[in-house]
Amino acid sequence: MKINKSAIVMIFYILFLMLPIYWLINMSLKTNQEILSTFSLWPNDLTFDNYMVIFTDPSWYGGYLNSITYVVMNTVISVSVALPAAYAFSRYNFMGDKHLFFWLLTNRMAPPAVFALPFFQLYSSVGLFDTHIAVALAHTLFNVPLAVWILEGFMRGVPKEIDETAYIDGYSFFGFFRKIFMPLIASGIGVAAFFCFMFSWVELLLSRTLTSVDAKSIAATMTRTVSASGLDWGVLAAAGVLTIIPGALVIYFVRNHIAKGFALGRV
Amino acid sequence: MAKITLSNLAHSYTSDNEYALKTMNHVWNDGEAYALLGPSGCGKTTLLNIISGLLAPSQGQVLFDDQDVTTQDTAHRNIAQVFQFPVVYDTMTVRENLAFPLKNRKMSANYIEKRVADIASMISLNDILDKKANGLTADIKQKISLGRGLVREDVNAILFDEPLTVIDPQMKWELRTELKALHQRLGHTMIYVTHDQTEALTFADKVVVMSDGEVVQIGTPTELFEKPAHTFVGFFIGSPGMNVLGAEISGNKARIGGHELDLGHGYQNLSGKLEIGIRPEFASLSRNPDDLPITINRIEDVGHYKIVRASHQDMDINIISDEGAEIFEDMKFVSFDSSKINIYADDWLVEP
Amino acid sequence: MKKTTNQKAWFMVLPVLLLVAFSAIIPLMTVVNYSVQDTFGNNEFFWVGLEWFEEILGSERMHDALGRQAIFTTIILLIEVPLGIFVALHMPKKSGVWSSLCLVLCALPLLIPWNVVGTIWQIFGRIDIGLLGYALDQIGIDYNYTQDSFAAWITIIVMDVWHWTSLVVLLSYAGLKSIPDAFYQAAKIDQASRWSIFRHIELPKMKGVLLIAILLRFMDSFMIYTEPFVVTGGGPGNATTFLSIDLVKMAIGQFDLGPAAAFSLIYFLVILLVSWVFYTVMVHSDKESGS
């Protein structure tokens, strides 16, 4: 039975993926005392105290708000500047286009570790240190090239005749772009936004380097808590679980586009 | 090679009684070329998939040479199939493509080499045997996928699923001719699915016309032309299709409106909706006031003949007149070749 | 698609150009600037030429970090790519609840912040409170990722496989979904073996997306920082100190700006070089399949 064999492979793989996550959830529902004293596969003494700590302490829930703020800013900025550029790359030849495209891609290859210190100095000198926009702009370094690349792939799939017909029908460039072209590549925009969201949401190094108090991200909050209090495993686990939720929601909404989306419009 | 028998066959994709394929019993002879012809959604691809074994029918049996293969899968039916879009193995050369089915069947290297060479020269691929299949044009790719079927000597039938869809128009004709020649030479049972009547009529010994999940007629191109078994066949085959006119019929006379027409034969005991069918090729314009009066709406010159689009009351009548024949103002009547008039009761042909 | 030449297209690229110039070129210039200068503090810099580059290129520290990095990246590519393809081949092909569930669950690790990935495995692998560490300890395996460098490596690798294999799975799955049924039917008729189907139908059709997957996995694993930083902090000793960890230590920890800058540039160039090779191969294969 072939179907069964596939199902077994999938079940094992998903089990492998889910076990560590389950363990995190398990720990987030235990008291610290239970975590350290007894080893149990599920919480014996179910508690939501760890979550309450996070929801009542502004330095915790503030971290979430800060992260979401700069992630959304980054996604909006990245996609909106990438759209016209991707259109230009997909439709026109112009001086240096291929070099420019490759140069853009090289920025996706830049290790954040290389840029951490210069970014710190740059944003400090222009007075943007510890602001949301600083992190959002820093993340455009790798998100803009990716967005351009993804969108270019989707736009290439739209026949040029559609543009020409629209111009003949008397649309202005902006009218055409907004009313005709954008709906056609809606799924591409969705995929690009998804990836921007993803890479900005999961990044730690730059967001930690560029913030200290006011715009401190949840990721940074978590690493600092570890070093400060060291042993508050329950709260740490709860904070971790809460960071998984936005990602899970985003995936759930795009689940039907995942297969095509992950091919970046290139299948 | 095999005779194919469809016994009490029917198929429904859903569990209710909506049949994509209505119950049918047919025997298709060994070594003949059949075309399955019909508009999109008539069930021809369903039927092909049942014969190839990709689909299990919800009722009835498929027999190859009296052996029941209904439950066998595609691999064991020994059939070859050419698909709508060319299926070739991109990573292999043309030679490796042709050898592939034989290699998988563990034939000896000598045999494979000889067989591939034979088939390649038969379908004129010798020159490109060592090229990668990747960059070739669609028509060559279709030839390769045909070749993969032909290399096997034990094939029961070769199935074609609209194989010329993606081929350039000028190559279509060439490929079709080649296919016909191949069939005459090799004598495989071939089944060719298409919605293009020209393809069907030029390729096949027998054309199976389907409509709405039903086989409405199996016949030679001539039979389909002269004696369509159903008004649908009349409409669908021919360009323009057969004229079908509502009529009252008694004995060897037909009355259309107030006019009486002679029929070649006498008919008794007719009931239901009665119509006469006459091909535009067997109708001609006339000045004779005894004939059926018509109004000419339009004349289309399509090269070697003209199509006269006319009507009698609200019934359309098409007439084909030779390129040379002149058409005059006073030709307001149409006469039919009475021996070519067919009679239909409830859309089905009635024999005299 | 045929493109028309239009120099005005530059205006459409301009916003991207300005933005990336701001967030890439200015910092990069800072790095270059540091890499050729030295300072004794007080913001006084003097020119040292290529000294730092020579020092870094000759330093054992860089060699070790680069070596560890290369081994790590090679191992995870060797595991994740075949495993990803294998899982993708077993993904449910028909759309439905089961296939949506598989997709969502597979994609989940990809959207977990990297430090949380680190935290998850840090906890999971602990002997006292982690399921994995506890289980290994119970069956008598000596496992302690904070003290034993082999255990640390295994933990980091398993973590990366856990974290990133799904990217390969999803990309391969996207490639597989694009293969028309006719190919599988033809293969059945030709009595192709499972291996032949994979080798001659599935693999060629997956090639494009697979290259993207390998490129992304190469780049990201070569830049890995957060996850090992959280789990092992680069230790025990320097056992899991990969390039980025070492660089951050040097730049922010020790504030050795000159060597760190030279280090950065060499690091960046290595990634660029390898990625350029991939990119060329990719564009080439794009053209091939497009013709």
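A, B and C are the chain letters, set down in written order, and residue numbers restart from 1 in every chain.
As a working rule, a residue touches a chain if its C-beta (ideal position, glycine included) is under 8 Å from a C-beta of that chain, and two chains touch if they have at least 3 such contacts.
Quick caveat: nothing in here was measured; it's all calculated off a predicted structure.
When you average the Cα atoms of each chain and compare centres, the chain farthest from subunit C turns out to be B. Note on interfaces A-C and B-C: more C-beta pairs are in contact across A-C. Averaged C-alpha coordinates give centres for subunit B and subunit C that are 56 Å from one another. Between subunit A and subunit C the centroid-to-centroid distance comes to 16 Å (mean Cα coordinates, whole Å). Contact residues on subunit A toward subunit C in their complex (touch as defined above): 5-6, 9-10, 13-14, 16-21, 23-24, 27, 35-36, 39, 41, 77, 81-82, 84-85, 87-95, 97, 100, 102, 104-119, 121-122, 137-138, 140-141, 144-145, 148, 156, 159-160, 198, 201-205, 209, 218-219, 222-223, 226, 233, 236-237, 240, 243-244, 246-248, 250-252, 255-256, 258-264, 266-267. Residues of subunit C touching subunit B in their complex: 180, 182-183, 185-186, 188-193, 196, 199-201, 203-204, 288-289, 291.
Put simply, subunit C touches subunit A in their complex at residues 1-10, 12-13, 15-17, 19-20, 22-24, 26-28, 30-31, 86-87, 90-92, 95, 100, 102-116, 119-121, 123-124, 128-132, 134, 162, 166-167, 169-171, 173-175, 177-178, 208-209, 212, 219, 222-223, 225-226, 230, 243-245, 247-248, 251-252, 257, 260, 264-265, 267-268, 271-272, 275-276, 279, 286.
Taken together, the subunit B residues at the contact with subunit C in this complex read 52, 54, 73-75, 79-81, 83-85, 87, 89-92, 100-101, 104-105, 134-135, 145, 148-149.
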